[in-house]
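Two complexes follow with chain A in common, the first pairing it with chain B and the second with chain C.
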Partner chain A sequence: MTNNTFNSADNSTNVFPEWRNKDLKDALCACRDLLEDTSFPTVARWRENGGKVIGHFQVYFPEELAHAAGALPVKMRGTQLDSTHADSHFGSYLCSIIKTTLEVSLSKNITLDMFVSHPICDAARNLAAIWGRNHDYPCQILYLPQNPNSSHSVEYLKDEYSRLLETITAVTGSKVTDADITNSINVFNENRELMRDLYDIKRETPWLISAEDAYALVALSGIIPREEHNELLRWALPLIKERSERQQDRIRVVFEGAFCEQPPLDMVRMLGQSCYVVDDDFLIGLRWITDDVPNTGNPIYNLAESYIERSSYSPVQHDNRKLKEEMLLTRVRKSRAEAVIVAAAKMCEPGLEEQVAYTYALDEAGIPYFVSEFEENMTSFEGIGLQVETFLENILFA
Partner chain B sequence: MSITAGIDVGSTYTKVVIVNDQGEILARELRPTGFKLLQVATATLESCIKKAGLNREDINYIIATGIGRHQVTFKDVHVTDLTASARGAGYLFPNTRSVLDVGGQTMKASRVDENSKVSSFRMNDKCAAGTGAFLEKTARYMGFETEEIGPLLSTSREPVPISGVCAVFAESEVINHLSLGTPPADIMLGAITSLVERCLQLLRRIKAEPEFTLIGGILRFEAMAKSIGDQVDVKVNVPADDIVQFVTAFGAAILGQRRLKKLAEEQALEASAG
Partner chain C sequence: MAEKNQSNGSAENNRVKAQTDDLHDTLVGRGNRDGAQLFRDWFEELNHTAETGGQSAYVFVMGSFNEILKTFDLPVVFPEINSLQTAVRRVSHEFLSEAEDYGYSPDICGYVKADVAVQLRGGDHPMGKIPKPSLAVYTNACNTYIKWAEIWERMYKIPVFTIDVPGSRDVHDNSAPGERHFENDRRYVEAQIHELIKLCEKVTGKKFDIDKLREIMGHANDISVSWKRILELNQNRPSLFNALTDGTIYLGVANGFRGEEAGGRYFKELVEEMEYKAKHGIGAITEEKYRLVFVGVPCYPIFRRFNEMFSEWGGTFIHSTYLWFASGGANCGFEYDLKNPIASLAEGTLLSVRDAMDSMFHQERAVENMMKDFSVDGVIYHPIKSCRTVSTGLADGRRYLTDKHDIATLFLESDMMDRRVVSEAQMKNRIDAFFEGLASRRRHKETV
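Right after this comes the complex of A and B.
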């Protein structure tokens, strides 16, 4: 990266100092507080320091490109805001995240320099157009390949990423070299490794970290610079492993259905009180690439190839080599889960459709499951909590 | 011999029951819940262990239940009070098909199957009018303590109507009745009758079937059980003495025994496979 307006390696990128100089418990509390803060203070601080912000909608976005250009990639994942402006742009029959993501921007809780959406569903396809009419900065649609099985898909995606990078660099006013992108790939590879380590803790010793703390640690990667996130995880993970929390006799559960809209943190907390959430697809876009991205050769090609060849699954990517039901069953087996919570965001067509295939596969495999819906701005969890507990008790005392 | 403890952290009282693998109650203990749930759960358990002549390490498995179950950090697992009370009622009265639990601040009706699994349930709305708090308030308006409700009821000749729509508004009804010279015992029985009507509404909503087992602190008052029995027109089961208040904690302890057995079976299976 040359001529950057903002140096991401500079000390001034310390946008989330609240976790520092605290013990683990208080630091995790600071992480949860930041996650629930609808004013997005870390993004505001980045901008105050002169940095540019690239907002990207769910599910996956090659954040390395924004990072290489010196911008802060921010995961736009909705929030618990009342939709006052956005309701006039979207019908009531659409999911919440579309509206609250737009609301976050229209209400000026967050200010971006560029926004990228993806055609993962009709609502998301329309989001970029509506966004563009209401903001005076670039709004782009990133067209991820509809058919990842095509032999041309990697080359196609490489070109698409290059097209996107041109707009990003126009916004940041920087020139990005291959070495810059490779450097970003290295930063993100470390982050991916740390996230995998976190999920290993969830799978092997889930009593050492609560479901909501694990969630918060992952989610923060979407709103703070990745170097800071790496630093946070490098510090927190060894301390979590050293904890002496008592293991409880709980059912091990996989949560499936949060690939786009996210359940509120209180719902994650409620689930974590009744079972061990040993694996999940929470914010799967932030953990989409499952292995290291190669750091030799053409870095944009490497990113594109990794999206296709080294990636997780979601209801909005259709790859004949990655049968979603099979991948769910693998997730269950790998984590030694005893049950699955098959959830979907209200009004989410892809999520609700996939529930059918998932439940058929689970039935066939004899794995008990609980089907549910959620909404990011729901506030009452008593009903669903009682249902989940009853479901788990039926397994526990069968 | 495996020993398990059930801890029911209720909204008004915290109850602990310790049982052996024969399902025999070794000790039971009860304390007001107050505001420090973990502290009271710990203290009640320790006191109960002492009563049973045991040590903490003698307890092989702990199940927490009740509204404060999540706060009990030293448990092995927690279960809903619906599951625990169904198992407790089913253990004491194996033909139980409907359970009515009237506590200090909640009322729950469950329909259960032949294995004491909950198949349907309803709970009262977030309102004290359908709970023991309603009786306590009514007694307090007339200058009586909760412990005096039982003896007071035994002197009643005829209940007077109390709407029971709201525990707060009931105060004005009580004052009206007192100003008309109505004996406090009849007012108290009127409050019981009102509470019973709420119980019946819940039982109707779950399509309750006999046998009925009635549990919870409010069932300590004989008039309550008798009134419900008269209304449903079949014999109702009421655990003897103060056990009626411990059924949920007892059910949790029994579930603990069941879980220990299952874990032992799984371990044996793993050992034989490996």
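Right after this comes the complex of A and C.
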């Protein structure tokens, strides 16, 4: 056993054994393979062991509540499946993620016990109703506050989380105490800290981890139990830091526009081969809370207060304190990025609208940017790859 | 003598007939005539406000909070209505192009883009000059409202205020006043109303007058009660008004004049007109063959022609989900308790805006309700590129409806603003085929 091979620990769950007893390179390869596996084997294994599964759509979901009830919270974010079952449930002019997320369920690639959507956009709110017409388990909207500046928003959200927990426990048949939720908060606090550590590596030493490996490490948290994810990161991050890869002469870039629909892993790989993606909003919902959630006092209040008071930004939340173009410029400054890829998923109303504001702000700040649209089930990247390389070369040789 | 009596009787008959004719001429079509006049008056006021640099509030149809804003004498601007007017007047493409040149995608809401162009033109609009906003107030009934308001926030550095109205959590959620979950939501909405009042005081420099709010809410009550009654009256056979064409005029007044005495009066008179038409068997069209429900947002680039393609076959729109959601849920007929105005405004907002959202996200339930009471022959779905709020669930809702009910449906995709995706010829082919199917279905039923 070498020092970069995992020695299997005594853990309560083990739905993702494929990375264990491998060296870092092969373990990361296993992570990417799992991420691209449209049969979602880890979720299937969880169910085979009798576990309940709570599917939650993008962007943010208080996973701690599902975790405290003993269920597996699964990030439903589409996948690279053809919408053979879902297509007839939708008209035209819609983003891909809405269709493929439903496809994942209709095709039985994932079986849920409950589905939750959020008022992030008009399509997502419709998705809960569509889901409800096609499934006989609870399909709900979690009404996260859209006026976070109201003095009553935290109190409202605490009540809304309590309501959600009632539905979750009706599904799981379990009783949840404050101590259970606090325990879950601790598990997720560790996870948040590890994710922040991973992003520190991206920002400070991006040559030590490829863009797609960093992406996969984050994304897996949406489909495996968080304890296992913590275990994986606790093992992998020190090994990544010890790598001896040398820095290359590449432009440092922020990728913005993947708060909901995700670019395919191949596109992330393509970008990572052309530049250092030093910060991004990939799967920002999994990293929404930016600091530890307090673990003393009322845990549901703590979760609600953290959603409002210690959280990131995205085009689907209006907060007077977080003007989005200023937040983007802060992200660029903090990561010492030299350019921004301002992307949006095709047909994504909030993303496409935000693109305009971002580009005007970047123009004013004199920061080069590249505007692009993507789709999660796109398969050809030659065109966009060439455009990105040309854009980066223009900066490099300006 | 007999001749004289006959002559007197004839004169009396003529007098009664003349009076009846006068009454007929006064009442029938009055809603459309007066509605158009009110619209002109409203835009003249806006034009005056713009010319004199007065304050205004930008609001939206689903939860406008006219009640609060008019307490502060703020003229209200409905950018949705401004935008659709550009399409009805067949110039929306000029506005859309201008916004797209500015950077907005062809795939986003056409209303947003037309308004962006109006703002870039300094308020110049085909109906007059639109004043700049002093603040914007909007609910979350449509998420694009929030993104739209952010544009003004950036352009004008004005305060924008989201009144967050939690909607139904699922199709079975009908929590009612007094119940724990409802009261949680109501307290949240009420807190935000208090915060909005403080903001209005700051923006206008005026002190809040609760008695004035009561008066305005009383006028809003008149509209809500009448709106509900008018919709019910269209159960009449023949139907009394066309939900798509006439209904859009009524909607404009219901939104723009909510909380005004003129609005309340208009709707009381509209009820009078509809009751007169019901009593005298006066229908929206001469020969009503097929009673249709419209689901979605109208096709404004060919507004009249779209309707003609149905009326040519004897089809008339007796109801629509548009009359529910675009009235902000006024179809609920919620009457404010004027003794307790703020709490009642919160409750009414929660119930009405939630209903408006339900009639988009759970449109199949709205249509099922209409089918119960309105003798419906067919349902026309009109999903549009511009609006995911209304359109995302329509294909699935249609599947649900046709699985559960023996009802003819038609699914026509186009847009409410962008004539580039409106294909009239293709639409006509499909509409003709739909009516041929309806006729065949009717013949089959008659022979069974």
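Note that the second predicted complex is superposed on the first by the 386 of 398 C-alpha atoms of A that agree within 3 Å, B and C clash if a C-alpha of one lies under 4 Å from a C-alpha of the other, contacts with A are read in each partner's own complex, and residues count from 1 in each chain.
The rule is simple: a contact is a pair of C-beta atoms (placed from the backbone, for glycine too) under 8 Å apart; a residue touches a chain by one contact, two chains touch by 3 or more.
Please read all numbers here as calculations on a predicted model, not as lab measurements.
Asks: So if we stack both complexes on chain A, do chain B and chain C clash, or do they fit?
Replies: In the superposition, chain B and chain C stay clear of each other.
Asks: Once the structures are superposed on A, label A:Cys139 by its partner contacts, choosing first (chain B), second (chain C), both or neither.
Replies: A:Cys139 sits against chain C, while chain B stays out of touch.
Asks: Is chain A touched at more residues by chain B or by chain C?
Replies: C
Asks: So in the superposed three-chain picture, is A:Leu65 touching just chain B, just chain C, both, or none of them (first/second/both/neither)?
Replies: It touches nothing on chain B or chain C.
Asks: Based on the superposed arrangement, let me know which partner A:Ser151 touches: chain B (first), chain C (second), both, or neither?
Replies: Only chain C; A:Ser151 stays clear of chain B.
Asks: Can A:Glu160 be said to touch chain B (first), chain C (second), both, or neither?
Replies: The second partner, chain C, only.
Asks: When the two structures are overlaid on chain A, which partner does A:Glu389 contact: first (chain B), second (chain C), both, or neither?
Replies: first
Asks: On the A-aligned overlay, A:Ser92 touches which partner chain: chain B = first, chain C = second, or both, or neither?
Replies: second
Asks: For A:Glu349 in the superposed arrangement: first (chain B), second (chain C), both or neither?
Replies: In the superposition, A:Glu349 contacts chain C only.
Asks: Would you sort A:Asp122 into first (chain B), second (chain C), both or neither based on which partner it touches?
Replies: second
Asks: Look across chain B and chain C in the superposition and give the shortest C-alpha distance you find, in Å.
Replies: Superposed on chain A, the two chains' closest C-alpha atoms are separated by 22 Å.
Asks: List the residues of chain A that touch chain B in one complex and chain C in the other.
Replies: Shared contact residues on chain A (touching chain B in one complex, chain C in the other): none at all.
Asks: Which residues of chain A touch chain B once you look at their complex with the stated criterion?
Replies: It comes out as residues 246, 248-250, 273-274, 386, 389-390, 393-394, 396-398.
Asks: Quick check on the complex: what are the chain B residues that touch chain A?
Replies: 61, 70, 73-80, 82-83, 87, 117-118, 255, 258-259, 262-263
Asks: What part of chain A is in contact with chain C in the complex they form?
Replies: Against chain C, chain A makes touches at 88-94, 98, 119-123, 125-130, 132-134, 138-143, 145-147, 149-153, 155-156, 159-160, 163, 315-316, 318, 324, 344, 346-347, 349-350, 352-357, 359-360.
Asks: Which residues of chain C touch chain A in their complex?
Replies: 102-105, 107-109, 112, 140, 142-144, 146-147, 149-151, 154, 160-164, 166-171, 181, 184-185, 187-188, 191-192, 195, 357, 360-362, 364, 383-385, 387-389, 391-397, 399-400, 411, 413
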